[in-house]
């Protein structure tokens, strides 16, 4: 009976870990309030996340990871697939996570698109399914389209191509993120934009393509193009805010964070399109019984809108936008999702003012932004090789 | 007062500059931690307030500073106690040469010089290979010991090198058993050094990052949390934390000095004939 | 009972906890690292199959040599600077500060910053050295430079600065310790023999401080050679030393490759220390 | 005066690896006597004492006290107590607690052991400083506390390793009088190691001269000083000339040598004023002769280095040496 | 014998914060003499010596050598050299390099300074050990090296702070003979700090007794011993009785006291054998009297503690004290 159930769930503790992006204490507080489940949160950087998911299955119950990480981790068998029939809002999840298409006419971008690693054949399977099945690897939670961030005040001219990252004009003032799987995609966007390399599939490069990409960037690095590399959200914010860097690959809330300090910063939509990423939560293999039930309860709660609204108001997108709408004001929904002019002040869930009335979100509406994704964060077949080359690049 | 040489004054200036160099960042942190609510991690200051200290005591967006602090404190205490006990025992053992003591000594030196990340990596790998679960209180604890023990032992070696054996002989002569000799004579005499070893062990553990990195398991210790914060937090709350820990250590040192001073004062009341020819 | 009196048995009994800890958390892990360095890996798992591939890649890459060289360069420069600063500071405290309470007070003053987290102390250089940091603002306002000086941050300069800042105390303490044990009458004897302050320093104090210098050197060299975090933070990931190579590999789950690099680093460090230990009998000098 | 309660060393040998510190020493220490172990540095005095105390194991032989072989007993079970050269007072304990230490180890309750300790402190006249720490005492005071601590165990034999060497000469003379008085009052055996001849002569009922790991001579102070058996003893005790006359070696006390124009012609080499006496060193050919001349007589006719003098003595005062 | 080359202390005072270590001391040290500074612990001997050497600044007054005020000069410029109590040999330098150190500081080239060092080592008979490190030498050998090192600077005045205290008594007596001989050969002033009366008496041309930061008495050894000016000096030099007769204080030498049935009745309290003499302490009423009786005479009629004796002396031997 439900009564007993929620009584018992009060004593249940679930250990969740993930990147700082979505592993927020507000969520834990809210879930305790709504469901009585205690959620213990640990925030790590994405490499550490990968590592823990792959090597320490006992140290967590719920993994909040990105899809490309899932591609690496899933085959270890540390996670268990989820029964779609137990997910209440499954049908309302956006198409990107199901068949890969935002709208029926969308083209599927290169890289590890979420739907390619979103399903497996059966409950115990470690191989991904080509199409939707009843067994989902991760429940999508959060995603976004990334591009270059710039300081318009320090650059003073329009930027419209990825290739600007290596423009000697910004020598000593550019930055790149030091997470191989993401960085390589940014690099590829740049090289392609420069016209130096044409990739077969940026999400799955050949060794030659990898070598050529690194050659270009190593040369730029030695020439002093980069001020620093960043590995985490906050570093990118500080680099930008302190004026050390004027152009760099960046994440959306980082732009917001810079802006809240009163420093002009733009998430620049570029001609070549966005590099996109998505995250989801997965269940540890060791989760059973009452904890497993609680986890499902947690997931359903997650998709029921509060979290979505909470995340959307920071500039991310929710996997089930419809449910989130109820938790956002019209002004917010218009600004964040529909790309409309703000009718009043836009504030973050933490109370910071992010935009004034009349401002429009960089890049426009959800469909404008997610519709021009050029590639997804990816792990490629030559990942091992790429990683070593990346390591060399960083060390060179 | 006596006139001091120019060399003295030059050196005093040098020392002053050195202190400035040492404290510069601490002071920078100190100032920046009083940023106004809108302030960032860098200059210029955006107003002045205690906002970030208050913020420190509220729940953070991510992570769990106070949980991490509790864990680090507990771990520090565990490491401290273990280091003191094991170092004393080791120190006692090394007073006599025993078969294999040479090898053990080189092992201690090795433990001191091996880059910490290797220990972290190795312990992580072992736990991984044996299917054990890494946890700050097991693997983390062990890895930290490989760092604090050599220090503790080196201090104990130094202490016992200077320890006058005739104290022990006197105790034996007075009918103390081996255990009583240690309990009532050796330990009290070396107690000040033991406090030193303990404090040292605690500090080393409390601030240990590399060795805990791969061995802490699901829960962060404070340095890991701070490391996490440098990557997830964009506010001066991290500086507030730094300022607070510095103030905290100043307080502890002050308390120790005060206690030592009071003790000396109390003893001095009894007077002294030391050095007099009576 | 009698067997407990045997000094070998008693010694081992007392040393047992120590031995256990070192065996479990030092010997075994290092052995594992050596073993794993010959294994192979995929993205997420280690394959226990003997292979020299890791070493082949390591020695085959031109980056390796450069990184090792950089590691030595950092170690050497940091060593030279910490030695110069540490020796001077210790000398000042030991020989120019006369009252013991002042010595203790000033010495404590030097140690207090070490209770603040290393990481915090390190990153607090960033607002100081940055393009718009305090240092540059001062330099500009004094008219020393017109443009902000770029190499203050995210450069070898800032890396070494942070190293010196973090590790000078490791030089000060042992040198101060040996200096305090130098019989003051030796210094007076030198003056009596007509030596100037400088000559006394060079011909008497310096030679007698050798053990302290050696111990400090061992600390600093091993700390710098094993570091991976300072280089990353202070160079903005633009520079690398061996530690970073390893930590990059670790964070990319390339354990065997990390282990191979680790083995090479381990050998290098142990070799360096073995050479240093030739000059000093640590146990006697404590 | 040998009694069943004597302390006896029976063929005692101590080896440290290859070196022999004490070689096959046998000796009976009479009950209730003040014995001084005298000898040059490294001759094995401390080792002998420490073997008696039980702080050093015996390589061969045995130690018998009161008819019982105590060689294998623990230090505290032997009926001996030791006073250490540096006193070894426990620095963390007050004077009273230092003295009461052995009783505490036995489990005597606080009141009782403090009473006993205060009694001992009374004996050495240190009651007023009972609360102090050792570091707050002068050398002489520390020495007295160490004595009290050793005596509180009511030992049969008190062993003292150079108990006076840390004191300045003035104090040393005063304290040695106190030691002697205490020994007489308590009536127990004191075995006192020293390398000062004057100390040994002044204190000892029996002087035991050691050299090179063996006992060279033992006897009353007067026997040893007046009739040294060997050249070593004669030289070591000081105040003796060792002379080669017709191939035999004789000892001649320096105070038996007179400056006398008619005597053996010699040249003064050195003059040392010693208060009551003046020590004149003179060369008679290759033989160096020391004459201890009473001050008054010397200054009737003072000599300087380089002066010619005559030396004379009664042949009856020549004492033949055995080695 | 005062000459322009003497060393003179003129109203010298040394303060450490509130305590006065040396108070307004004036004294002339005659050129070429062997002076002993004698006194109890803490009386200011070392401080005086170190002020002369230049290792301690002077609070007030001045030090004049050879007619020049040297109080502000560096140690090495004063024409003095110091030999330290613990010798202070540089542990990292060989014996030869230790001795040659001052020449090296002056920039003398290697061959020349080694030659000079070897000459000095010859003087103290240490040439054969020139290559050794100090740690490989015995105490006596180290002492000689320290001496050579001090002398190599050709000082006018050699300052020695308890130079013999680290040696055992046997060696001490031998080495003090060598010191005296060396001083005489070199003809320079030696100022030797000691707290041993016998050492001072044996060595000194002039004994300077200090007490409580001031000079209590200065004079030849014989003057000081035979005619102590104050009670302190009498007691400190030893061998004296201090007596209160009709309200005036007199000193009486212990060797002037005879045991004599007819004399002042007294009770023996202690008997100390001293070789040539026996020291008998007796109580005449509340007055303790020490009698130094020649051995032969004592043993004609030996006394034990508790025996009744008579004490007598020539009234002419009573020496009146000024304080």
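Chains here go by letter, A, B, C, D and E, matching the order in which they are written, and residues are numbered from 1 within each.
Note that in this section contacts are C-beta pairs under 8 Å (C-beta built on N, C-alpha and C of every residue); 3 or more make two chains touch, one makes a residue touch a chain.
Protein identities per chain, from UniProt: B, C = ABC transporter permease; D, E = ABC transporter ATP-binding protein.
This is a predicted model, so every value here is computed, not measured.
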item	value
Subunit E and subunit D - chains in contact with each	B
Maximum inter-chain contact count - chain pair	B-C
Chain closest to the middle [Cα centroid of all protein chains]	B
Whole-Å gap between the CA centroids of subunit A and subunit C (ABC transporter permease)	38
Chain centre separation in whole Å, for subunit E relative to subunit B (ABC transporter permease) (CA means)	52
Interface hub residues of subunit D, defined as touching at least two other chains	168, 170
Shared-contact residues (touching 2 or more other chains) in subunit C (ABC transporter permease)	126-127, 130, 132-133, 250
Residue list for subunit A, restricted to those that touch at least two other chains	55, 231, 238, 242
Those chain pairs that satisfy the touch definition	A-B, A-C, B-C, B-D, B-E, C-E, D-E
Subunit E contact footprint on subunit C (ABC transporter permease) (complex, rising order)	183, 185-186, 188-196, 199, 203-204, 207-208
Subunit B (ABC transporter permease) partner contacts - residues on subunit A that touch it in the complex	15, 17, 20, 23-26, 29, 40-45, 52, 55-56, 58-60, 231-235, 237-238, 241-242, 257, 260-262, 350
Residue numbers on subunit D that touch subunit E, as the complex places them	40-41, 168-170, 173, 177, 180-181, 184, 195-198, 201-203, 221-222, 225-226, 236-239, 253-255, 270, 272-277, 279, 281, 292, 295, 299, 305
Subunit C (ABC transporter permease) - residues contacting subunit A, complex	41-45, 57, 61, 63, 66-67, 126-127, 130-133, 150, 153-154, 232, 235-238, 240, 244-245, 248-254, 257
Subunit E partner contacts - residues on subunit B (ABC transporter permease) that touch it in the complex	2, 275-277
